[in-house]
Amino acid sequence: MEDFSLRHDARQPAGGARKMAIVGVVASGNLEVLVERVVPERECLVEIRTTAEGFGAVWNAVVADFVDRYSPGGLKFSINDGGARPDTVSLRLAQAVRLMEVEQ
Amino acid sequence: MTLDEILASMFPAGHDVKNDEGVVYGSGSLRSGGLALVVGVADRLPLGVDDAIILSAHVLRSIARDSGPILVVVDSDSQRMSKRDELLGLNEFLAHLGKCLIYADSHGRPTIGLLYGHTAAGAFLSTALATRVLVGLPGATPVVMDLPSMSKVTKLSLEVLEEKAKSTPVFAPGLENLAQTGAVHVIWDAGVPLVDQLETLLASLPDIDDGRGLLGKQRGGRPKAYEIAERVRGLGLQSR
Amino acid sequence: MATWQLEREARDARVQAGSAVAKGKIVEARDATRLLEAIVRPGDRVCLEGDNQKQADLLSAALLSVDVAKVNNLHMVQSGVVLPEHLDVFERGVAKKLDFAYSGPQSARIATMLFGGKIELGAVHTYLELFARYFIDLTPNVALVAAVSADRDGNLYTGPNTEDTPTVVEATAFKDGVVVAQVNQIVDKVPRVDIPADRVHFIVEADKRFFVEPLFTRDPAAITEGQILTAMLAIKGIYGPYGVQRLNHGIGFSTAAIELLLPTYGEKLGLKGKVATHFALNPHPALIPAIESGWVKQIHSFGSEVGMENYIRARSDIYFTGADGSLRSNRAYCQTAGLYACDMFIGSTLQIDLQGNSSTVTTSRIAGFGGAPNMGADARGRRHPSEPWLKAGQEADPDGHVLLRRGRKLVVQIGETFGDKNVPLFVEKLDALELAEKLNLDLAPVMIYGDDVTHIVTEEGIANLLLCRSSDEREQAIRGIAGYTDVGRGRDLGQVQRLRERGVIRRPEDLGINPLDADRSILAARSIKDIVHWSGGLYEPPSKFRNW
Amino acid sequence: MSTTSMQAAIAPAALTSWYEASARTRVRLLLDPESFMEFVGPEKREVSPHLKVFDLPEQFDDGILVGHGSLGGSSVLIAAQEGSFMGGAFGEVHGAKLTGLLRAARDIGSMPVLILFDTGGVRLQEANAGELAIAEIMRAVIEARSAGAKVIGLIGGRAGCYGGGGLIAGCCSALAVSEQGRIAVSGPEVIETNRGVEEFDSRDRALVWRTMGGKHRRLLGAADAFVDDTIQAFRDAALVLLEQVGGFELSTLTNEQVRLEARLRDFGSCADAVDIWTAEGVADAGAVPALPVNQFIAVADHVRRISHDTR
């Protein structure tokens, strides 16, 4: 297992008012993303635990693109990863942001 | 200890317990008076539909007819693994046996499991683990699942599993490991007449409430189960 | 006086030798090895059928058991190396040299044996190419084929899996070779004559039915959101704009996803009747919902598919069927159809390099090519116009003379940037090159050459290589849709942005597709059972695909 | 971002496959809208304390969600296993959540419990804790039922309901199962490993479903209701079963004894499910696996009525 934590500045706060959401499951090639509105609204924090070791550079690139595209300010993402592919990671992150925008 | 030795040591005043090809039933005279129903599995029998239905019949008949504690003696294999048993709904037969024992326990017939040999998986759940108090005898070898099957399911090699089994009580087979989780309440001393230990137990039977979670916490084998269950129970009560 | 009929005499001598173990043309199964010892000579070219689906398994076992003193050093010329016995004959010394096209389940072992020098490799072909060589320089001396039934004269009924048989028999029988057929049963009258009796010399009644692999069944339950996204991109970004009506699909999950999105997503885009009407395609179960929804007009097939028999029979408007009602497939004709009469091939691969060359060869697997190089190549001899063909030609050469400009076949590679076990689809250098260097091959086993590929589709978008004007642009277009692979992360951001502005690269958002819409709920069928329902109970999937 | 695109979120229960849905989607669409309140949810991060020993990833809810909600306007307690996480297996935390929920039901005495099974049985990496958790759950189910709570099991997920899960299911007041749902103790691979492929060919999926699948369990009387593979169908079945099922007393057990003895007597020598169905009087038993849901329900209702006081 490998753990790391990525902190980014965000252009603007994420939409919606929901406090917490969760998407995905931990399975081979899949991941769960728990998202909570708990960090300052111009920041974004992504904490990752993954079974696939040695992919730090890819995680960095995926998360940087994600923050650039969605500007998820104020959100903390906690990821349990079962070795998902980068496209799956991007998809789950996007799904998590969208869930936070849905009225509860 | 063999089943005969155990029964002799536990019921010096006599018993009529029969072992019918691994299916055990009968009764024993307690030193403190009255009879105990004895049911169980011996000779490492794999517990299948045909055996479970006999045992549950004995328990049900005794509930309607007798009084006194119920002793469940166990030296079984796993559940019987066969097409026929599954075809006929083995899960119902094993659950039914477990239900009968649990029902009896809460209706004046306290249940005591006596694990003196092997047991595993579904056979374990429907017999020894369905009692109020589970007693282990030294030399008992319970396993939840055998390592080759475990290897197939977890896709970890047998060697890795054997290595981990040495250091990891929560998954490793064995009486001591199970005792740590709270599954086995007490391990008797084979050097002391069992009748003494049985009478001591009967004289101070634990409360009917399932205390295995707290036991596992106190013994360190299950660090979280008790508290999680209590928290959920508390939240559930608030939803009333 | 010169003798001009030596081969015929030799053939007659072989047949006569074989007749010693036959009653008329009929040979008992237990005598099959003796028959082969009588009719096969050392060094013969032998076609042991050997298709990608059906297998003359009894005859392969018989060939494996021959006395190596009598039969040895054979040159196997067969399209499919599928059964373990197909390679065991090399281990035993029965055979020495191999020319083939496809090796699916034996791909790892064939690689090992090639590296170990156990097999002398002629070449890896595409089907049509190997069939062509049957008539020029790889004509079999002996063909060992499989059929469903035979009559006592030797007329053969192949059933739905006709596949390679007519081609193999034609090349063998008409050039003085010997044809042996294993059949599931001998009957008084065959349901239809697929191979006339005068081309068949011996018949062996097998004790069990010949093996057929259900190779084209993709369980919709295994289709991922990523595959659905690539399928949506392909439908909206290629099928629609080019108006592709005549096409071939590969066998991967992405194209299965396309088949299952036609009646839902395709319908929503208003494409019904405008695209995907005529196929050169095996009877894919995944296409049933589109057929039942009225999308598909006609399908010609290379082979059949286990479980599809009754459905095909009941849908003769769609499929080619014989007088008996069952499917008539033919690999050679269907490959020809794919080459000349289809405007698009779309399929997946294991590796794509920076120029778009693709290969399914890895250093540990030689899977062969099957039909992909043929489907996935421009037919230089093509002369008839069609809208997609002309439009692709125009994109490739906008300044050319309208009346002299060649059209282009659309050759689309579709896949996710990372495949199984996170192995990247895009590489700097193909494993095929490494293999060619290691084995001293004259030619690297490239499945589809980059200059034939017109589009690459991944979850990151579509690269239209027709619009690239230099090899540098081509490389950046490919890097631009290679996602987070090393190749993708090596892209030039500025150049990729410019390619995107020109429409060379189109991202999902450029096509109005939200990746979050790529949900399994839009598949017309999400399980094999759903497909059975679509078929009205006519499709009968093999047990291994069931969960009921 | 478009707002029409969240299919999974807006798809009504009638269109969503139970088999494919996650545990969270099942719960959300099974209960009355917006009524679910989770206990010890993923944000509490009460993960398994044991998986790290095996270098395995944890899930924030340990593969089960438990909580409270309403069904048809009435309060229910609910638990749902996530079959995709470690096969929905029972570990220490996973099991303790269900134990706690059932004890709450016992203490309340009148509030029903829905258990959405999706499990391969004990989580082997924490086998002792998992096995004991199942034993505690079985006891807790009986205690809850004895106190007057109805416990309904719903089975139709990818992992089926195997091992100890099958025993817990056998303790419930009633079960609803779909065609995809499988209920058994030993899994197909385990039987094959221990007894050989001649005893059971785990890759013969038609055999697996014929022996352990929803249709067989319904025809055997092992499940009370057979439903289509939609969340709506499970919801409807749960509402009906909550109306129908009775309490738990000695007569329930003696009735069950009679029911199971009769099964052994009538079908004990049958070699295959098809023989059982034929013996029960199904006209064309071989056609049962292919029957559409409604036709199957008609056949099942004809040959085997379910009485709700025998389990």
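As written, the chains take the letters A, B, C and D, and residue 1 is the first residue of each chain.
We take it that a contact is a pair of C-beta atoms (placed from the backbone, for glycine too) under 8 Å apart; a residue touches a chain by one contact, two chains touch by 3 or more.
Only a predicted model underlies this, so the values are computations on that prediction, with no experimental measurement involved.
Q: For the pairs C-D and B-D, output the one whose chains share more C-beta pairs in contact.
A: B-D
Q: Looking at mean CA positions, which chain is nearest the middle of everything shown?
A: D
Q: What's the distance between the Cα centroids of subunit A and subunit B, rounded to whole Å?
A: Measuring from centre to centre gives 46 Å for this pair.
Q: Provide the C-alpha centroid distance between subunit C and subunit D, rounded to the nearest whole angstrom.
A: It comes to 43 Å between the two C-alpha centres.
Q: Any idea how many Å lie between the Cα centroids of subunit B and subunit D?
A: Computed from C-alpha means, the inter-chain centre distance equals 24 Å.
Q: Give, as an integer number of Å, the spacing between the C-alpha centres of subunit D and subunit A.
A: Result: the chain centres lie 33 Å from each other.
Q: Could you list which residues of subunit D touch at least two other chains?
A: Residues 1, 6 of subunit D each touch two or more of the other chains.
Q: Name the residues of subunit C that each touch 2 or more other chains.
A: Counting only residues that touch two or more other chains, subunit C contributes 516.
Q: Which residues does subunit A have that touch at least 2 chains other than itself?
A: Where subunit A meets two or more other chains at a single residue, that happens at 98.
Q: Which residues of subunit C touch subunit D in the complex?
A: 221, 514, 516-517, 519-522, 526-527, 529, 532-533, 537, 543-548
Q: Okay, in this complex, where on subunit B does subunit D touch?
A: 49-50, 53, 56-57, 60, 63-64, 79, 81-96, 98-100, 102-103, 106-107, 121-122, 124-126, 129-130, 144-145, 148-150, 152-154, 156, 164, 168-172, 177-178, 180-183, 210, 212-213, 216, 221-226, 228-237, 239-240
Q: For the complex, which residues does subunit D have touching subunit B?
A: 37, 39-40, 46, 49-50, 53-54, 66-68, 75, 77, 92-93, 95-97, 99-101, 103-105, 107-108, 111, 120, 122, 124-136, 138-140, 142-143, 146, 163-164, 166-171, 183-186, 189-191, 193-195, 199-200, 211-212, 216-217, 220, 222, 250, 253-254, 256-257, 260-261, 263-264, 267-268, 270-273, 276, 311
Q: In the complex of these two chains, what residues of subunit A are touching subunit D?
A: Touching subunit D from subunit A are residues 1, 20, 22, 25-27, 30, 32, 34, 36, 49-51, 78, 80-82, 98-99, 101-102, 104.
Q: If we count contacts the way the header does, which residues on subunit D are in touch with subunit C in the complex?
A: Going through subunit D, the ones touching subunit C are 1-2, 5-8, 11, 15-17, 19-20, 179-180, 203-207, 209, 213, 215, 289-290, 292.
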